[in-house]
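Structure below; questions to follow.
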């Protein structure tokens, strides 16, 4: 990897800093996992038990069986993946349109899309529910997915990122006779991997996290999503802290997996290529 | 350029009313690819938003039909100490969680944008806060903020007394702010990283040849070229911070003594616990206006240098 | 007692026979005494929504299965949400014109729902009575007060919870006290016990003697209300239009709250949350705690097992006891087809028909006559104590603005306890806010 000009610094400063940052970043995860393997009675000992002793292996199994978690998990995965893919595609197209082309109303449309991000969902929820009801979508996957298929945030992010891609690149391709669609798919998109990765992770997390909307729109248990399942579990019968942490850990797993997958293929890959030469 | 206005030399002699010139073709393409997004956002976001604006002018308890009362909600809110407190809490939260995030995430991005051994491990570790779902986040941190919990234990390592984080009107908001910073920094770090890596290497090399030192390179190459990214981070972080809801709801419920009753939480409670949707909608309008003004201001500020 | 139990069993058998007879469409001798009433025979699907609580959910699911066996033409769809979520879910659904046939809400919420016209009054035919008074007569006096509006009954409670004092026997014994003999009868008694039980190490509270709730404004008002009444005052007028938050009695109550907390508890240190209000007690972190009979199964499932005692709520003046009762109730949605509503009320009747099972399986006490005499009640730990507190109780305040008022009160309590605010100032502010709320 080519080192960049701003890069050389004292390793004495860099590495301790990195360790500190890693510690801060990982601490809640470690704590969650550690508590999920602790016995309930030892949960609040003073001084704190950093490592569980004795190890409690039953929390995960017990918690998972307590509710229909497998179904919730699959539902949430399906919905989150659909929303993420939708956002990646539509936001890229929209961002490209808003950043690299000039046309009447461009500024207004952008502001319009942006403005929809600014109202909290609580207030738009009731009108949104009425609209969704007209489509016949309560208690369906469409109802969970379509209103969130693209969001202002994604459009904004892609637009900003695409602005930093030089126009010459696109013009050159046009002169070479490539169609607009080809330019988009084969030249512009590959350059957007970092932004797409960032958008993908964020959208997936927000979609995975969705709480209020599924609460309103889903009455069938078979469509329930994982955050609702966790909430239900929490109010069930007094907290078995170990089980709660176990459920939390399982709920975090897909995001962790997604991140590791993305890490390798997207973020790591672009450091070598940069943009051009 | 308007659709159909012909400036191109190529097609002037062959001008036929129905053949679009190049600029128009491009504009058409741009409209078409924008269309799906526009449709979805219009139907599922914009229309409900307009409806919410309408509701803010009414008294609406969600079950009986809305009753039009003009601006009574707004006048009432401006004099309501609870609303003003909520606004204050929200603004405090936004300022103290966003400003550090801007600085920290850029600094971290620059830290990672270099040659480091075991880069993957460090970067993954730093990114982990993003990965935690909101509900899990709230639950785990509640645990950690407990009187005998992790955070106080770590304070104890430095000889500090334990702080009743969630059970003190002085500290509760700071507890929430810390979580906000923890969660947001890595995310914007990645965005800045992506932005940093979009800057072509040759600019730096050229500047080095011209004799610019590291600070000069930062000022004249990095910062200007990062402007779109900086705008993005600043605007998004403020919008997200203004809407933060899950952590205060689950961790503190707005207490103690309203110290963590951020505006979205207050709006939610006003709508669904007090059955005052009109009032809640009016509060949202205030929130919307504040964020909108900030955003437009920022966009203007940043776009002055954009088209050069 | 034996005879009475037998009598109850006979009534139950007759009711079951009557239902079966109806379902089959045939008449029996018992039926001819009832008014002509037919349960729909075509396929009906109804939706029931209720809030999650382990034993409760399990029991209702059992009841659904049992009802389906009796009425194969009825399909019952269940939706469960946590109690904090249920309110929002229900409100949005009703706002959109959807919503369940049978809803489950805290009794105080029904004032709002009634005033918005979403409730269907109880179907007298289904219950086999001729008037609402006759229906109310099945319950203890005042048992249906919270569900009665304009003389008609709109909701039926499946629990009427008093709040009594739970004592951890082990912690008492460790402090050299006997839960039976030394259990406090008055607040003064309670405060006197605290120095022996509360344990502090340096700046940390290791064990609390007694704690008031801080995890939800609602619970705070639930405890402040009887305290105020014990001093001879009221929180809200009966018509719900006037608040008395800064009356001398309320002030005495809040001052007492503060003084007890200073002597016995540590509000800064708690694991109880809105979804787990009893956590501190169940963790043996506090020796005494005010909660309802529904907490019994939870306590029994914890390490405490049966090593606990329940006594009546401490009083200011034991000769004039004042306690509080609240409850969750079933209501039926008015905006549904007629046949749905009939089936809905019948299912509600069916669900409520065995109060002893509610007690045994969920720990819920229905304010219905005859519960105390059942076998289950006799085996339920300290049932008589709970029942006694129910009998001296007033219902939790009823108002369209109950949540806002609770939040106002909670605010005052928090500022006094956490920020050492002056109780009079805090209550004056609360009263001003309450007056504003009630004016609208």
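In order of appearance the chains are A, B and C, and numbering begins at 1 in each one.
Going forward, a contact is a pair of C-beta atoms (placed from the backbone, for glycine too) under 8 Å apart; a residue touches a chain by one contact, two chains touch by 3 or more.
What you see is a predicted model; the values in this text were computed from it and never measured.
Asker: Can you name the chain that lies farthest from chain B, using the mean of each chain's Cα atoms as its centre?
Answerer: So the farthest one, by centre of C-alpha atoms, is C.
Asker: Which chains are joined by the largest number of contacting C-beta pairs?
Answerer: The chain pair with the largest number of C-beta contacts is A-B.
Asker: How big is the gap, in whole Å, between where the Cα atoms of chain A centre and where those of chain C centre?
Answerer: Once rounded, the distance between the two centres reads 41 Å.
Asker: At what distance in angstrom does the C-alpha mean of chain B lie from that of chain A?
Answerer: The answer is 14 Å.
Asker: For chain C, write out the residues touching at least two other chains, lowest number first.
Answerer: In chain C, the residues touching two or more other chains are 88, 92, 95, 204, 271, 273.
Asker: Can you list the chain A residues in contact with two or more other chains?
Answerer: 44, 46, 125-126, 231, 234
Asker: If I count partner chains per residue in chain B, which residues reach a count of at least 2?
Answerer: Only 62, 146, 148, 268, 272, 277 qualify.
Asker: Along chain C, where are the residues that touch chain A in the complex?
Answerer: Residue list for chain C touching chain A: 47, 49, 51-55, 57, 77-85, 88-89, 92-93, 95-96, 98, 100, 204, 271, 273, 275-276, 278-279, 282-283, 298, 301-303.
Asker: Would you pull the chain B residues touching chain C in the complex into a rising list?
Answerer: Touch list, chain B to chain C: 61-64, 82, 142, 146-148, 161-162, 164, 167-169, 253, 255-258, 268-269, 272-275, 277.
Asker: Report the residues of chain A in contact with chain C in the complex, numbered from low to high.
Answerer: Interface residues on the chain A side: 41, 44, 46, 125-126, 129-130, 133, 138, 212, 215-216, 219-221, 228, 231-232, 234-239.
Asker: Given the complex with chain B, which residues does chain A contribute to the contact?
Answerer: Interface residues on chain A, with respect to chain B: 1-9, 14, 17-18, 21-22, 24-29, 31-32, 35, 44, 46-48, 90-91, 93-94, 96-98, 100-104, 106, 109, 111-128, 131-132, 146-153, 155-157, 160-161, 163-165, 180-181, 184, 191, 194-195, 197-198, 201-202, 205, 208-209, 211, 226-227, 230-231, 234, 241, 244-245, 248, 251-252, 255-256, 259-260, 263, 267-268, 270-271, 274-277.
Asker: Across the complex, what residues on chain C touch chain B?
Answerer: Against chain B, chain C makes touches at 87-88, 91-92, 94-95, 112-113, 116-118, 203-205, 214-216, 267-271, 273-274, 400-401, 403-404, 407, 410-411, 414-415, 418-419, 433.
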